[in-house]
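After this come two complexes, each holding chain A, first together with chain B and then together with chain C.
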Partner chain A sequence: MNLIVFWFFGAVAVVSAIIVVTHRNPMHSVLYLSFSVLAVSGVFFSLQADFLGAIQIIVYAGGIVVLYTFVIIIINLNELQREKRRFVPRLFLVLIPVVLMAEVAYALYRNTASVAGGAEEGITMEELAHRLMSSYVVPFEIASVLLLAVLVGSIIIARKRVIDDSN
Partner chain B sequence: MIPISHILALGLTLFGIGLVGVLSRKNLVVILMSTELMLNGVNVILAGYGHHMKSPNGAIFALFIIMVAVSEAAVGFALMLSYFRQKATYNLDEINDLKG
Partner chain C sequence: MSGFIVSEIIIPVIKSVAVALFPLVMTVVMIWMERRVVALIQSRLGPNRVGFEGVLQPIADAIKLFFKEDIMHRGADRSLFNLSPVLTLFTSLLAFCFVPLGDSINVFGYTINLWVAESPVGLLLTLGISSISVFGVIFGGWSSNSKYPLLGGLRSVVQVLSYEIPIVLTVLSVVFFSHSISLVDIVASQKAEGMWYAFYLPVSFIVFWISAIAETNRAPFDLPEAESELVAGFHTEYSGMKFAYYYIAEYTHMVLASSLVVILFFGGWLPPFPNVEALSFLGYVPGFIWYLVKIMFFLYVFIWIRATFPRYRFDELIRLAWKWLVPLSLANVMAIALVRSLG
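And now, the complex of A and B:
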């Protein structure tokens, strides 16, 4: 049952990811990206990483996708251009998916890890919070400093240099 | 219990699709979106390993990766907007200011 849920969301994520990469209109790509992100959060739920799935929905679907949408509106990506390329980049386009899919097929074929099925419930959020606040407290604080730096830095980079003061 | 090979297969597939997007597209916005897809694939693998090892470390690492992904998206878009104000292009073939 869990496997069915996992592969249902996984298939949705993979198909919409393919559409993200191949679609020519960037706005449609953003919408399919939100679809893919929500499907990945479904995969997290099927892996019993509840907190991670919730964070994925809040941060990705609520934050990053909206940011992408606004940027596309601001820079007005409306004219669609043909993407032509020479032979060697086109060779890469064929080669990289083939090699990666061969790797995936090999991983599926060597289905060795039959882990002894323990308790079906995953990690509790309480345990995760304790670990986050004890062992990983330094990276946690550094991440908060990083987010503050990103906030200040992106405002400074993206602002206009000239402020036209009407007064 | 989901076998680890299936989780690896899904994560690698998502990562591969994102990698193809980064390497093949020429639109800057779509390239940034493809990096998000790659990070999603890595997060799936980390969460899967954490689930298998019954340890919260996988989820914690994936959490930090999400934080870094948000930072990267914000700064990347700020840089892109700042560049777009000056040059009005988002095509990677035309962005060659540092070419020697």
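And now, the complex of A and C:
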């Protein structure tokens, strides 16, 4: 049963991710992006990672994708022009996905055993908290400092513009 | 074998249908109550013609909306325009799967839990699912291809994103006491404590309640549909049943917000003071009735607030969230964490 759910959500996530890239209308792309994000949280649930699934819904579906829609509404889509890209940027557009796909394929090829090699029962929130605060405390703190720096930086950028306007 | 069929198929199906119907029934009650109570507060009569004291008015409204012409203008984005109302209503109904409506009960020898799904992270899921219903509002506003709906949609994005922060922070202070984010466990820990959390965490309760009103787009925070500035906000271009979907979703959201307040701060299905001997007779009333009484009280407060306070201006709304509620809830969480770690 879990396997069927896993494959179903996995397929939905991949198909809608492809549509995100190929669709012409950015607003529809965002809709499919939210489908993709929600399907990934379904994958997490089928792997008994309830906490990760819930966080995926709150942070990605409820926060980040909503911000994307906000930005798309604010920029005027009619003013956007199709830019003609030169050869090197075009090459990047093709090469980066190809390299990433190759990496994933290689990782799958090397590690054919169990992909979800974690705990059968899934990890509880308490264990997760203990690990974040003990074994992984340094990356956790570094990430939070980085986020704080981004926050301060964006406030400074926004502030400067206000001062310019009043003058 | 027949026991297996009943417990594994029939009971879950009945529960799922009941969970989908419960908010709809509450919506019908709320539409009548809102119109009558607001009329009472404003010294008017309100609808009192259809049925006894107008109780059949919501049904008359529903029939009217059902037979209304469904209009979509030519510039609208077809698929998104049709999808948005469904998305809003569906997500707000889905969130009810994790809300416990009462304790486990025994019917004909079968133990029935009055919740559809129990998840160890039920609280996070409920908050997450109810926050994605804002997609329906944004997409509805954008796909209408008209200026007032677009402005309403934009406002609602900013509002929901801002008020989610105080909500999550105040919920965190409840979790400090309950040591669990399963909604069933939170009620159980209030029973063990013998006290509703609202008495321990009054600041959290007030901040949560204000933010919940803002999240449900109700007056005085109903900026996305402010009729004096934006006609009807994000659902200006909608008519007929699609409009009814938005309408039902708003009331469903109110029922959900009241349910969360009751479960987090007012003991869910528990009677008042569950551990006091002298009041133990209150325990004979079924848990679902207590839950219903409590959410009806908070739904009444919703209406009361709507009829009492004037609408906020948009910058005041954002200032309230970022300059008052976020710092207040942060200080609250820090103080509670300090008290809990010392005591």
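In the analysis below, the second predicted complex is superposed on the first by the 112 of 167 C-alpha atoms of A that agree within 3 Å, B and C clash if a C-alpha of one lies under 4 Å from a C-alpha of the other, contacts with A are read in each partner's own complex, and residues count from 1 in each chain.
The definition used in the following text is that contacts are C-beta pairs under 8 Å (C-beta built on N, C-alpha and C of every residue); 3 or more make two chains touch, one makes a residue touch a chain.
Here the structure is a predicted model, which means the values were calculated and not measured.
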Partner chain in contact with A:Phe51 - chain B first, chain C second, else both or neither: both
First, second, both or neither for A:Val66, with chain B first and chain C second: second
Partner chain(s) touched by A:Asn2 [first = chain B, second = chain C, both, neither]: first
Partner chain in contact with A:Leu128 - chain B first, chain C second, else both or neither: first
Partner chain(s) touched by A:His28 [first = chain B, second = chain C, both, neither]: second
Which partner, chain B or chain C, touches more chain A residues: B
Residues of chain A that lie at the interface with chain B and also at the interface with chain C: 51, 55, 63, 67, 74
Partner chain A, residues of chain B touching it in the complex: 1-10, 12-21, 23-27, 29-30, 32-34, 36-37, 40, 43-44, 47-48, 50-52, 54-60, 62-64, 66-71, 73-75, 77-82, 84-85, 90-91
Residue ranges of chain A in contact with chain B within the complex: 2-3, 6-7, 10, 13-14, 17-18, 20-21, 26, 29-30, 33, 36-37, 40, 43-44, 46-49, 51-52, 55-56, 59-60, 63-64, 67-68, 71-72, 74-75, 77, 81, 83, 85, 89, 92-93, 96-97, 100-101, 103-104, 107-108, 110-115, 117-120, 122-123, 127-128, 131-132, 136, 139, 143, 146-147, 150-151, 153-155, 157-158, 160
Touching residues (chain side chain A, partner chain C) in the complex: 25, 27-28, 31, 34, 38, 50-51, 53-55, 57-58, 61-63, 65-67, 69-70, 73-74, 124-125
Interface residues, chain C side, partner chain A - complex: 77, 79-80, 83, 119-121, 124-125, 127-129, 131-132, 134-135, 138-139, 142-143, 150, 153-154, 157-158, 160-161, 164, 168, 181
